[in-house]
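What follows is chain A paired twice: with chain B in the first complex and chain C in the second.
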Partner chain A sequence: MPVKCTRCCVKVAVLKRPKTSDALCKECFFWAFETEVHETITRAKLFKPGEYVAIAASGGKDSTVLAYIMKLLNERYNYGLKLVLLSVDEGITGYRDDSLETVKRNQQQYELPLKILSYEELYGWTMDAIVRQIGLKSNCTFCGVFRRQALDRGAVLLEVNKIVTGHNADDIAETVLMNILRGDIARLQRCTLITTGTEGAIPRSKPFKYTYEKEIVMYAYFKKLDYFSTECIYSPNAYRGHARAYLKDLESVRPSAILDIIHSGECMSVKDGIKLPTQGLCTRCGYISSQEVCKACVMLEGLNKGLPKLGIGKSSKVKRRVESLCKDASKEEESC
Partner chain B sequence: MCSEQSNEDFLEKVDLPKKSLYGSSCKKCGAKSDVVLKMLDPFCKSCFLAYCTHKFRATLGKSRQIKFGEKILVGFSGSAASVALVHMLQEGLKEEAHKKFLFTPGFVYVDEGQTVGLTVSEREKNCEEIIHMMRSSGFQCYFTTLEMAFGGYSEDRDLPVLNVEEVKSSSYLNKGDSCDLQKTLSSLKSLTVKEEFLKYTRLQILTKIAKQLKFDKLFLGDTSTRLASAVLSGVAQGRGAQISSDMSFMDNRHKLPVLRPLRYVFLTECFLHAVLDSNMAVKETSMKSDKVEQGKFVETTKQTNNYEWREKHGVSLGSDSDDCILERPLGERIKLNKIHTKSNQDVTSENITGNICHRQSEIEGNEQFQADLKILEGRLSQKKDLLHKVSLKALPDGGAKIKNQIDELEKQISGLRLGVDSASKNMFFIDDTKKENQASIQRLTENFVVALQTDFPATVSTIFRTGSKLQSAVKKGSCEDICIFCKSPLDTQNPNPSSALEALNLSEKLSKNKSSFSSNKLEDDFKTKCNVPCPCSKKDEPCERTNTELLSDYLPEYLCYGCRLIIKDMSDVSLLPSHLLYEAQKAKHRAKMKEDIQGFLLEGNDDM
Partner chain C sequence: MEITPGIESMANNAAPYVGMSTTVSFNGKSGNISSGGAELLFNNKKKFDVMLPSSDKPWTIKNLLKWIKDNLLEERPELFIQKDSVRPGILVLVNDADWELLGALEYEVQPNDRIMFISTLHGG
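On to the complex of A and B.
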């Protein structure tokens, strides 16, 4: 016998919400999903009317659903926002093409302006050109460092007020666990904030902070949204991989674990008197950096002066570190 | 961006020495070593014991929390940690005057045999051994059972506790109303909440006993391994605000200060300590998952003073022919690896059949599996060689031990092979381990931490360090803002509208029937004694809501986030211990009183 929707009690339920395990029909699920994101946005006061907001678009499921729902909510609730899709093209022949195609289709489907910024525009160098300069070996270092700054640079070029990214509850819970495992209390404290950005930088926020990844997939599936589904080409580093596996196991024991972890993260802070590294701005480019000159600027300097190895690191330890950061960059780029 | 300064040391796998360090010379004195810690540091027996004792004494000394002549009650559970603790205390009291401990320890054992489903005779046997052990320790020792203490718990009455010297027969096992505890436990639906419930109940009982026996402080045997997994499992259960008290040396949330003197000692070190320092048995009982559904538990008893135990815990001593010390038994590590591979694939019951072949080849190709198989087979042939070389009669036990070892190895190997040989059996194999290891959040976490520790030896200390740098972000309020169950400050009062707690409330509200009412409205209805037609019942009839439903409405108000998760997983809230329900009622009453006089209260007069 088909199960009836627990909300409207009329229609046949088509799914069980992973968050609450209630059985809902399609319409009621859409309504609940959208209302929750709307509430997240309004309760955290993410935007002011008239703001120009860039949606970080990669063509993947999170950012595709984010673009769709930002457009929908902006119209439904009169946020009064001007929206733009922002994509970064690293300029690696054959790599981004498919996902950029998806983003281009999203632009037409959702009637949102799209701005694709290339590394050439952002840094004056394409990845292909960098590879030609320095060989295949260390391009990963560049890719990671450049990637983490690309959105910020793009946002400045577009002169937007804010950036939104598609990080979901699973991503945040995973980051909480990972930062505990590696003892990074500075990031542990930051990672559950819904909006990040030091003074002087463009604020980034996560409207999907409380949205389960599974529900995003369900929403895209039932709305038949077009997204580019591929795993990130970078394998997650060892610790993130373990944190992810652990989180999945937790979720299977108790589905609310994802939100429970975020609650934990929101309820703890760093002990008084423990010094945290201060985040400042790079004196060259003005982006967030803990050094006086950021890594990207050091590397650019090297490239421009024909000393491409500059900034890749002197010791093998530093190099390994930067490489592992690069591998992590796909998730890390915005989550910190 | 912000990743520049992160400490990546944890990423570096320590390169373990190719050759085993076992038998090499002691790190401290150069004598032949008896143990190898973390596969890196060889110690001889006396240097190892000194090293552990030093960590213990330094923890006590630095804290400066223990005053001259104080009486300290030690919660003795029979675990390796509590056995090690007894020995360290005995040593400390034997010392010369200037190093001698200046406090008087006493021990209490609360038998939990019933919760793990032991039969009366099994429990009798266990308790007798422990009582014997306690009597011979030379300390003041007390004894009670969990069901006895649980059934007789009341704020203003003493708990039934026996001095071990007075224990004559085993009639104590039938004392007290054992039904209460069983009822409450069977009402808790998952192993996670059962374990969580027992954890706080145990603590409540221990502190009450300590108080009633006029002790000043309570010692618990929490090791750093245990505390590290407590950090993660606490976070996973929404207890982020409590992490810092949960792992601090001194915990002041309870009736008297609770201290954790072993917080810098690793669990493995406790095992080794217990083995090296004595032949005292380590008795651990834990709930096993496979009977959870029926609300019953099966025993698991581990003993240190035999070969089997040592093999199981990967501890080998100088007298054994094995040539290295492993931190973990092989079998367990394999199991853990499999679970992680499995969870990456998200296997559900629907697609299991499709996955069998795939996973079979995956296991065969699994390097860990191959490596472990190789080690086991190597050991087996070594043992068999030995059997050929020596005459069995020459051995003191007629070769029984070595025969046992061979049997055991053969069993392990065939167990491993079983996982590969047949696809259907393979399914079974994996599902069993999954059930066992993922039965509860606590167990899942402990296995996760131990497995990670094997690959990254800094895991436990990193988590431990992270935990000790954290504090609660919840503002301290009045005494009414304390969770009635775990005694932590409530992290559920006036939540920020933009928070996980409110997001969850919203999701629950949005997925429920449109015409249903919010819980706030419900509360209001009850404040007016329900003489208006209750929305839950038929027209013009008084409220038909049961006591349980009423309780579930207001009880969460007085619980922290983590404890709310416990009662969420409970089939009948009214089966909670009556003193707890009474406290909830009291709290509700006070809240109502406060509301009535709200307008007349002055600022800062919050803690009446």
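On to the complex of A and C.
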């Protein structure tokens, strides 16, 4: 027997909301989904009228739905924002090619301008070239570190005021778990913030902070949005994979687990007197970093000097290598 | 409802649940369909029109999953099925509706149902 929508009581329900257990029809689900994102945006005061906002676009489900929803809410509620899609081309053969095609179609479908930046432009190295240099093992580290900064660099280039990313509630809960498992207290403090990088860097916000992945996928499916789905063809981070599986197991027993974990992350505070690494700016490239030299710069240095393992091992090892490299570098400068 | 080979076996009561045709698809999306997701486990086939054989048990989704595992899955079944259900993170739609509204594993598949699996377990 089809179940009736608990909101309008007329149409047939198509989805059970994980947050509330409400059974909703398509139209009521769209409305609930869109309104909640709007409320998240207004409550956290994410934007001011007239701002220029870059939507980090990968062609995947989250960023595709984000682009669609940002455009829709901007028009429906007169945010007064100028929007642009910002994509990063890592240069992974067969991976980005297809997802970038998706972003290009999104650009047309949503009538938003698009800027694609290549790793080659930003760093002088494509991922394929990095893989040739270091093998398949650790390139997700490169992928992640470079991608993070690529957005910042792209945002500076475009002179936007803000960046929005498609991170959803599941992603954030997973990151809370990861930071607990790694004992990374500094990141644990930051990862639940809806906006990061307010000092010195271009602010980054997550309008989907409270949005469940299931609803994003269902929204994309029912709206027939055009997105690209594949795992990164380079080795995924196994540890993170376990955290994800654990989270999904919890969710299947109790759907509120995802919001509960985010809430726990928000509530945990660090005792006074505990020293946390302070976030400053990288002395080489000027982008945000908790070290004197950021991880991207260390990795680039490694690649350029033919020591590609640099920056992906244990942090103490990295530090030692950086110190010796810095000495080398200063020696080189002196000799010039 | 389509007449299927299962029908004659009803006569001798050996299999009270007749066979039927059903569409099973993976990561169904309209418009441009790109590769990736759950269909990777099924030799890259996105859609199967299957004829379920008659059975002495009802064709619940639970039994259907077992059948899929035995008949359609090509490799690494644990990426699709875990503990008699789908792996957490894979969404199931029956005729475009969330299976959780229909009894999930206990839902009895009807002739010409469209069952769809969408994996959420990939990058955004």
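Assume the second predicted complex is superposed on the first by the 264 of 336 C-alpha atoms of A that agree within 3 Å, B and C clash if a C-alpha of one lies under 4 Å from a C-alpha of the other, contacts with A are read in each partner's own complex, and residues count from 1 in each chain.
Criterion: a residue touches a chain if its C-beta (ideal position, glycine included) is under 8 Å from a C-beta of that chain, and two chains touch if they have at least 3 such contacts.
These figures come from a predicted structure and were not determined experimentally.
Looking at the shared chain after the overlay, A:Arg147 reaches neither chain B nor chain C. Counting residues of chain A touched by each partner, chain B versus chain C, the larger count belongs to B. Touch criterion met: A:Leu188 reaches chain B, while chain C stays clear of it. When both complexes are overlaid on chain A, the residue A:Val12 reaches chain C alone and has no touch with chain B.
Residue contacts after overlaying the shared chain place A:Asp260 against chain B, while chain C stays out of touching range.
By the document's definition of touching, of the two partners only chain B reaches A:Ser290; chain C does not. In the superposition on chain A, A:Val217 makes contact with chain C only, not with chain B.
Look at A:Gly166: by the touch rule set out above, it reaches chain C but stays clear of chain B.
By the touch criterion defined above, A:Tyr227 lies against chain C but remains apart from chain B after alignment on the C-alpha atoms of chain A. Once the two complexes are laid over each other on the shared chain, residue contacts for A:Lys61 go to chain C alone; chain B is not touched.
Under the contact criterion defined above, the residues of chain A that touch both chain B in one complex and chain C in the other are 244-245, 248-249, 252.
Residues 1-8, 10-11, 190, 192, 231-232, 234-241, 243-244, 339-340, 343-344, 346, 438-441, 444-445, 448, 452, 456, 459, 462-463, 465-467, 469-474, 491, 496-504, 506-508, 510-514, 561, 565 of chain B are the ones that touch chain A when the two sit in their complex. Only residues 27-32, 34-37, 87-89, 91, 93, 96-98, 100-102, 118-124 of chain C touch chain A when the two sit together in their complex.
Residues 2-3, 12-16, 23, 58, 60-63, 98-99, 102, 105, 166-168, 170-171, 213-214, 216-218, 220-222, 224, 226-232, 244-245, 248-249, 251-252 of chain A are the ones that touch chain C when the two sit in their complex.
For chain A in complex with chain B, the residues that touch the partner chain are 6-9, 17, 19-20, 22, 24, 28, 31-32, 35-36, 39-40, 43-45, 148-149, 176-177, 179-188, 190, 194, 209-210, 237-239, 242, 244-246, 248-250, 252-254, 256-257, 259-272, 274, 277, 279, 287-291, 294-295, 320-321, 324-325, 328, 332, 336.
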